[in-house]
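You will see subunit A twice below: alongside subunit B first, and alongside subunit C after that.
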Partner chain A sequence: MELVNWFNELLAGNLIFTPQTLGYYWNGVVTTTQLVFLSLLVGLVMAVPLSILRGSKHRWIKLPIYAYTYVFRGTPLLIQLYIIYYGVVFVDGIQQTFLWPLLREAFYPALIAFTLNTAAYTTEIFHGAIKATARGEIEAARAYGMSDRMMMRRIILPSAFRRALPAYGNEVIFMLHASAIASVVTLMDITGAARFVYARYYAPFEAFLFAAAIYLCLTFAILYFFRFLERRLLAHLRPQN
Partner chain B sequence: MLDLHGYGPRLLEGAGVTIQLAVLSLMLAIVLGLLTASAKMSRSWLLHKIATLYTTVIRGVPDLVLMLLLFFGGQMALNVLTDILYDRSGIDIFINLNAFAAGVITIGFIFGAYMGETFRGAFMAVDHGQIEAGKAYGMSDWLVFRRIRFPLMMRHALPGLSNNWMVLLKTTALVSVIGLSDMVRVAAEASRATHEPFTFLLPVAAIYLLIASVSEWMFARLHKRYNVGFGGH
Partner chain C sequence: MKKRLCISLLGAALVAGQAQARDSYDHVRFGVDVPYEPMEYRTPEGELTGFDIDLGNALCAEMDITCEWIEQQWDGIIPGLMARNYDAIMSSMTINEERRAQVLFSDPYFTPPSAWFGPVDTDIDMPSEETLEGLTLGVQRGTLQDSYATDFYNDVANIRRYATADDMLLDMESGRLDLVFVNYPVGKTTLLDSERGDYKVVGEMIREPYKYFGDGIAIAFRPRDEALAERFNEALATLKENGTYDEIHDRYFTD
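Right, the complex of A and B next:
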């Protein structure tokens, strides 16, 4: 009760940041978090097998994956979003399937675009880390008579994923920032809320600076989370003194 | 052949806008990046703090939010400034911040922060003996910068520079949101009007890939040029 009073006093006389607009921003934070978290999760699950296959010796496995990552990393996410958002209607027969009620809303096309995009970047990050595995570790595994599969599981992947951690942290932040374009296809994420508040009150500084502050806080939270993870998981690489 | 429903010329114009925007903002970003790197390496406590604040805040906020802030807020700030000018001295001017200028300023401003980090690392990698040698020849500070520090720094900065350029190129797509008719906006408008999204969006994606491939080739050439005398690595 005291908290509510304090909150009302804080907002008293403030024309723009009413409980209502703060509610928009809060819903925006929820939407942004859902979009970013889900796309990163699915993207990560896709990227692990793709990055292993990307290093395959067979040309017909390696090349299509390379083409996929090249196209998705070489074109703007906005174009990818437009292609999926405007194009999904034209996929034959999709309107008859159970997926249609989901795909008709902007959320799922955006989620698909973000997922495919982050999966492409993450595949390349992991591929680079796998390729950088020290020769000695692979030879040691071979000397122990490990099969390829066991070597991948026990030796290469654990060390590669740890080495990929800093680059992956950057990718997570990149994804958070890239998610701002969801507002272009009418989604009310943080940026969408800011655009709505701007349009309603014609107050660009208040509307967008508040959104910027929220993004800044989220960015720092991600940054510190990954620093913590790196300290824990890369402890064996720190100089010992 | 591809039927573009008469949108062909506008799409081509849009591609021109994209390229102009990207090149101009790259130039602004390089200038800002050099200034930021110098400020970060300077002995002045205040300059260092300002540069650190700039790079931290810019890199922590999405490009689109900064762009909207500068585009909508910039015009308002300009109006306030010209109003003050009118009240004080009777000079009546109206500066209209068009979408192109806002785009160049915002993208240049954003990537200036990234360039600053790239250049700082590269400047620090330059062998100090080379700079001392230049001074021993009696070169002025500017001459040392132009003939020694800059070319040697570029060797270390090129990989980061090329990476920043690729990201910058893709960021230009965002100006379509603030009303600039770049190729993304033209393609999106055409898709909505004709209900044929793939006809317009896929060629635009291909143009982005083409520009990226051409720039990769150009950066490979630059890389060769700035690595003369370093054993071809």
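Right, the complex of A and C next:
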């Protein structure tokens, strides 16, 4: 109750940051978080097998994956989002399929675009880390008589993922920032809320500075999470004294 | 001596600067958000045309000045005026309180109603909180239709806000939207009279409440340009008297 009073006093006389617009910002935070978290999660799950297969000896496995990562890293995310959101409706009869209830919303086309994009980047990050595994470790594993599969599971992947962690942390932050374009397909994410407030009150500074502050907070949260992970998982690489 | 010269030069510069600020424009740049058929749009040849454009050019001709049209997306159109990217906004801008706090309006030159549009087979006949519940509604961001729909139906319906009217119509066509809320002349041209599909007006024309619809649409100026607004008002009155206004009006609105 006291908190409510304090809050109302804080907002008194403020024409832009009313409980209503703060509600839009809050919903924006929820939408952005859902979108980024889900796309990163699915992207990560896709990227692990893709990065292993990307290093395959067989051309017909390796090349399609390379083509996929090349296309998605070589084109702007905004264009991918437009193609998926506006392009999908030109598929004949899409409105009658079971997918339409999902594709009709702005959220799922955006989720698909973001997932495919982050999966492509993550695949390349992991692939690079796998390729950079020290030769000695592989030779030692072979000397122990490990099969390829066991060597991958016990030796290569654990050390590759650890080494990929800092680069992956950057990818997560880039993804958060890239998600700002979701508002072009009418999603009310943080940027969408800011645009709404901007267009309604003609107050670009207030609207966008507030959004920037929210992104900054989220970025710090991600930064500290990865710092914590690195401290735990890369403990063996720190000087011991 | 030198000092005095300096001061007098500074004074002259100041006076000149003031004179320029007060001086009437002989070239006016209009900010306009395209497309918004039939108010402003491009012909297939790429030429800018529409009711606002023709009327604006006629006003300039009447005032014996030249004018230029600068395209600007709607949600940044008032900040663009303040940033002096153009001198006036002539883009079907409805007079309302929030905007009046920022800009100076001319006399209104047109009063278009707004209306809901939907596919012909829609089963809604009268938009209300009950009938719109759970539906997806489209508006253009930052328009009076956006404010109206947000204030009345945000709690019951899912409102999607588009940067341009074009994007909104594309989603209407693809079936992502159940209804759109737009300025009637625009909806009539882009939905009813077009080949896009079969659409109809849902419910009645909406002209109330005053808070959203105000007195109609007007040209917006920077608050300090009172003299310029006054000249436009005089020119508008002349065009209304000599029949030019009616002639332009009939070019775009048949009913």
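Simple rule for what comes next: the second predicted complex is superposed on the first by the 239 of 241 C-alpha atoms of A that agree within 3 Å, B and C clash if a C-alpha of one lies under 4 Å from a C-alpha of the other, contacts with A are read in each partner's own complex, and residues count from 1 in each chain.
Everything that follows uses one rule, which is that contacts are C-beta pairs under 8 Å (C-beta built on N, C-alpha and C of every residue); 3 or more make two chains touch, one makes a residue touch a chain.
Given the structure is predicted, the values throughout are model-derived calculations rather than measurements.
Peer 1: Between subunit B and subunit C, point out the one touching more subunit A residues.
Peer 2: B
Peer 1: Return first, second, both or neither, reflecting whether A:125 touches subunit B, subunit C, both chains, or no partner chain.
Peer 2: Neither partner.
Peer 1: Quick one: is A:156 in contact with subunit B, with subunit C, with both, or with neither? Answer first, second, both or neither.
Peer 2: The answer is neither, since A:156 touches no partner chain.
Peer 1: With both complexes overlaid on chain A, does A:215 touch subunit B (first), subunit C (second), both or neither?
Peer 2: Touch partner of A:215: subunit B, not subunit C.
Peer 1: For A:200 in the superposed arrangement: first (subunit B), second (subunit C), both or neither?
Peer 2: second
Peer 1: Examine A:177 and indicate which partner it touches, taking first as subunit B and second as subunit C; both and neither are also allowed.
Peer 2: A:177: touches subunit B, not subunit C.
Peer 1: So, does A:86 touch the first partner subunit B, the second partner subunit C, both, or neither?
Peer 2: Both subunit B and subunit C are touched by A:86.
Peer 1: Contact-wise, after the overlay, does A:191 reach subunit B, subunit C, both or neither (first, second, both, neither)?
Peer 2: After superposing on A, A:191 lies in contact with subunit B but is clear of subunit C.
Peer 1: So, does A:40 touch the first partner subunit B, the second partner subunit C, both, or neither?
Peer 2: In the superposition, A:40 touches no partner, neither subunit B nor subunit C.
Peer 1: Which partner does A:116 reach: the first (subunit B), the second (subunit C), both, or neither?
Peer 2: Neither partner.
Peer 1: Which subunit A residues are contacted by subunit C in one complex and by subunit B in the other?
Peer 2: Subunit A residues touching both partners: 86, 184, 195, 198, 204.
Peer 1: Which of the residues in subunit C end up touching subunit A in this complex?
Peer 2: Going through subunit C, the ones touching subunit A are 74-76, 78-79, 98-99, 102, 136, 141-142, 146-147, 160-163, 167, 170-171, 173-176.
Peer 1: For the complex, give me every residue of subunit A touching subunit B.
Peer 2: Against subunit B, the touching part of subunit A is residues 70-71, 74-80, 82-83, 86-87, 90, 176-181, 183-184, 191, 194-195, 198, 204-205, 208-209, 211-212, 215-216, 219-220.
Peer 1: Can you list the residues on subunit B that touch subunit A in the complex?
Peer 2: 57, 59-66, 68-69, 72-73, 76, 166, 170-174, 176-177, 184, 187-188, 191-192, 195, 197-198, 201-202, 204-205, 208-209, 212
Peer 1: In the complex, go through subunit A and note every residue touching subunit C.
Peer 2: The touching residues are 86, 89, 95, 100, 104-106, 184, 186, 188, 192, 195-196, 198-202, 204.
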